[in-house]
Amino acid sequence: MTVEELPTTEARRLLPVLREIADEVGPRAGAEGRVADYIPALSEVDPTAFGLAVAGVDGEVLGVGESRTPFSIQSVSKAFSLALALGADAEALWRRVGREPSGNPFNSLVQLEQEDGIPRNPFINAGALVVTDHLLTTTGDARGAVLELLRAESGNPRVDFDASVARSEAARGDRNAALAHFMASYGNLRNPVADVLEHYFWQCSIAMSCEDLAAAGLFLARHGLRGDGSRLLDRSAAKRINSIMLTCGAYDAAGEFAFRVGLPGKSGVGGGILAVVPGRCTLCVWSPALDRHGNSVAGVEALDRFTTLTGLSVF
Amino acid sequence: MTVEELPTTEARRLLPVLREIADEVGPRAGAEGRVADYIPALSEVDPTAFGLAVAGVDGEVLGVGESRTPFSIQSVSKAFSLALALGADAEALWRRVGREPSGNPFNSLVQLEQEDGIPRNPFINAGALVVTDHLLTTTGDARGAVLELLRAESGNPRVDFDASVARSEAARGDRNAALAHFMASYGNLRNPVADVLEHYFWQCSIAMSCEDLAAAGLFLARHGLRGDGSRLLDRSAAKRINSIMLTCGAYDAAGEFAFRVGLPGKSGVGGGILAVVPGRCTLCVWSPALDRHGNSVAGVEALDRFTTLTGLSVF
Amino acid sequence: MTVEELPTTEARRLLPVLREIADEVGPRAGAEGRVADYIPALSEVDPTAFGLAVAGVDGEVLGVGESRTPFSIQSVSKAFSLALALGADAEALWRRVGREPSGNPFNSLVQLEQEDGIPRNPFINAGALVVTDHLLTTTGDARGAVLELLRAESGNPRVDFDASVARSEAARGDRNAALAHFMASYGNLRNPVADVLEHYFWQCSIAMSCEDLAAAGLFLARHGLRGDGSRLLDRSAAKRINSIMLTCGAYDAAGEFAFRVGLPGKSGVGGGILAVVPGRCTLCVWSPALDRHGNSVAGVEALDRFTTLTGLSVF
Amino acid sequence: MTVEELPTTEARRLLPVLREIADEVGPRAGAEGRVADYIPALSEVDPTAFGLAVAGVDGEVLGVGESRTPFSIQSVSKAFSLALALGADAEALWRRVGREPSGNPFNSLVQLEQEDGIPRNPFINAGALVVTDHLLTTTGDARGAVLELLRAESGNPRVDFDASVARSEAARGDRNAALAHFMASYGNLRNPVADVLEHYFWQCSIAMSCEDLAAAGLFLARHGLRGDGSRLLDRSAAKRINSIMLTCGAYDAAGEFAFRVGLPGKSGVGGGILAVVPGRCTLCVWSPALDRHGNSVAGVEALDRFTTLTGLSVF
């Protein structure tokens, strides 16, 4: 009995669409864009890799292409650390980080200065550092909490940090260190700068596959419920994260992403993108060649095709 | 035979929801926020006014409260001028204005300087001036084209400019004049600055009611089709405008609006907000008391209630 | 009897130095740099022209090279409009414009925005517009007052506006118009923007020679006294202008100018530079080819040689 | 035999002026302004302290008031580290730091971001960090080199670091750390950020008296010659430092300082100011109460009186 013969679930219903996308987009992966090259561990990835997975709110996960190959999730981790951070004293967090789109990267420090060390949103690096700092305070182990969540929700205990990536990031981490010290000068970090940076770099280094990541993100499609039925977030917080993903999830191309994909999504420079169809499913696509904004070229294209084919776009 | 006894249409189905919202939100209109006071014509409006209208894609329009009272549409007009501008040589327009959220107002100026006079998106004032300039070039009468579109789509030939508002805006227009001359210094205006400003101020001065505006915006819910079935925009352009409304439509509170309302929307400092449920309907709410970002307090609350009650939010 | 046989005055004592400089620097004029080309009237000037004049505090003026050829004084006029503006209600002026160096040109609008429409100093364009506005209020005819002062102090009634330059500047004046409207939006202009710009462009268009300009600037070397012995400025105001010339007189190369020349100076994109040796003399050099900051290449070199040869540098 | 009966030297000639200033300004010390309070070691200093010393180019040093009380030299050290840094591979240094005034502190950061990590001048903190980094590369011990120079030129072997100040600065050093990491992200630091910061904080912590500091700075009045007649800097480099002191030496009040004092000067938040009369003498004044720009209120007033009384102002 093949998968298709089983009673139809969301994932199975969508699998043919994924196959069509893989056939269409997969062969072009790597033709455009460039793999991130600021650290060796990322620069050595095959630019033509392509994987795509869907996870239904019932928990079933199916994938096409290299959907089981682990990759560096990088900034996709920010959606998970934010979810965990909102679990304890969310009000305090929102006094320290905004929820509005941020304009271009140039303004990172300028805007921080002008707004007294309060980052515009949790997905720009400065904001993600505040989230990690908050999580470090509430849990004592920010990176550990993120890893634990990803393992539990993906159901894959082998999901793990990639120490070589974490160390390379730290070695190239001056820009993040500048942001962290700058916020510290405004009193907007509670823990030592070095600790916050350490947890942040390790959190970003986590390696996992499209199928793992799609499964792990299902709480965003389930309005806050974890796989075991317990509540990670209340409905409002889940909605909040989805809305921030839609308006701020794709670096300085969030507007373009919103237009093309029309779904909440969070991208990473490892080439992964997690997207959410609230109430129905999550998608995770991976292809390492990036556009100039740091988003996976084939990844965005695949999601664009997905919403076009299924009509699931917001617009 | 009452409206409810007629065969059910989208507008009629939603009318009870509108009534519930009007009962709940209407009485609080004006309790919070302040009416725009930078020009006399706006400052004299009753802060407790409240109107709400829905227009189904079939064209039926129903309203509650002061849904037939004309108000100054102000920046809501930007959605219409953009739609018209995209009708001719859209590619040229997109070379002159971006499509990404802009950060806070201060940064919009920093970015304008840094990005050689190219505004970040068509809804910040600099971007709207470029749109008006483009429309002036392609039509010869930008303000006239906007008025004509609004009259035709609302079916209300009495929709008109408010000369006193337009003149007051011009008299207080130094900030817009600065932006226009600044872009002109980069070669990013084609027409004389004075003409562009004139058309812009008049376009913003148009007065119409919630019902008129909801009807006029239906092409955004109809994927580009006008009321007479002709095509104003192709599907992609309509989707583009909706996505820009979602990410940039509420001044520096676009992220908050996306979270609370979860629909494409465009607000104006006259207190009006136009929102779109693609494929189904448009909503227009009006209440003049504004929050510090320039969005109608009761208007946002009404739309928030609407998506909560109907489940039509994106998230 | 030759000039040298007359009783020695400051100008005569310095004439041999001027001749040496003219021999050395004059032949290289135009070899480096480019003539301002943003308006036709300036772009047509011979890039190899070179003139140099000295005026002693006793009023004697001597020159070498093309020291009697009129050129467009442009921003050199700012020193004179400032002097006149300080003559009436200086305190009010200093509440509207600062006295500190300004950083790079990029920040013109940014800094204005951040400092609520108060320009950093009277020699950046925004500051000069405020000065012109102040002078327009106190005299009713800002450009006329500047022209009258220049004619009287140079003793040359033929010094005049160049209408073609003034009109070209106005036609290319969007950047200045942006600055003016921007300040107006903060309430930092008292007169209509168009009037302020008009007077500013005409003031900058005045044409006069090195000898005229050196003579006209003598009040700065005479601690505020005009040629007829009457007082234009008190000592403190004259000192103030000289100090602003030293720290802000050479656009974004004021630091380099202070190092090389070590004297208060004001340059213009017409290729002229007026320099002051307080208590002794003024110098005016002209050579139209400009460096990338807008300062005359041969002009700066000539003044550099002058202070090196005479030891009159501050440092 | 009193000092006045000795053969007259520069210092002795000026001593009566210093006494007059001390009588006039000294009693008002502390009446205006506030002692720096961001670290305990500085906040505990007596705000009414006042010392003033003059050193002639012949090496004689005389003082009035508390001219022998050591204080924290803070940013005055930047003039000495710059002098040492220019001693080896000055060209390389000038490719990494500019020589122009910087606008206000906010803009220094904007500009750092906009100008690819190149600070505007060596006296803003970012620039001083680059100087320290350069000196660390060329000497292996930047802070040691500065201390050694200050000891040698002051002739006082007890001049030393103040460890408690250095440690307090480091503990409050997030803003400087942010600047350093930011420049490092542009490749504009050669040594580890932590090392550069360490040397910078220790260099700033050096404690010495007005008499020591006036003597130590004499090479700037002697066109580069040290006390033993050897050359620390060539004439051009000495002139360069003096010109940067005049245009950039008093934080965001450099223009005001140039006007009032009219001499090259470098201030520190410990309340000290070193001023230079090229070819003649140096002055050092100390009074800990600061104006809002971080300059000693009584210190600036004393130097203002000095140039007024002696006519030694540039203007």
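Observations
As written, the chain order gives the labels A, B, C and D, with residue 1 at the start of each chain.
One rule holds for everything that comes next: a residue touches a chain if its C-beta (ideal position, glycine included) is under 8 Å from a C-beta of that chain, and two chains touch if they have at least 3 such contacts.
Every value quoted in this text rests on a predicted model; they were computed, and no experiment measured them.
Listing every chain that touches chain C and chain D alike gives an empty result. Among the remaining chains, the Cα-based centre furthest from that of chain C is the centre of A.
Separating the centre of chain A from that of chain D, both taken as means of CA atoms, is a distance of 49 Å. Averaging Cα coordinates per chain places chain A and chain C 58 Å apart. With centres set at the average Cα position, the gap from chain A to chain B is 32 Å. Across the assembly, chain A contributes 106, 110, 114 as residues in contact with two or more other chains. All chain pairs that touch, listed by label, are A-B, A-D, B-C, C-D.
Listing the residues of chain A that touch chain D in their complex gives 106, 108-110, 113-114, 174-175, 177-182, 184-185, 193. For chain C in complex with chain D, the touching residues are 98-104, 106-107, 110-111, 114-115, 120-121, 238-240, 242-244, 246-248, 252-256, 258-259, 262, 264, 278, 313-315.
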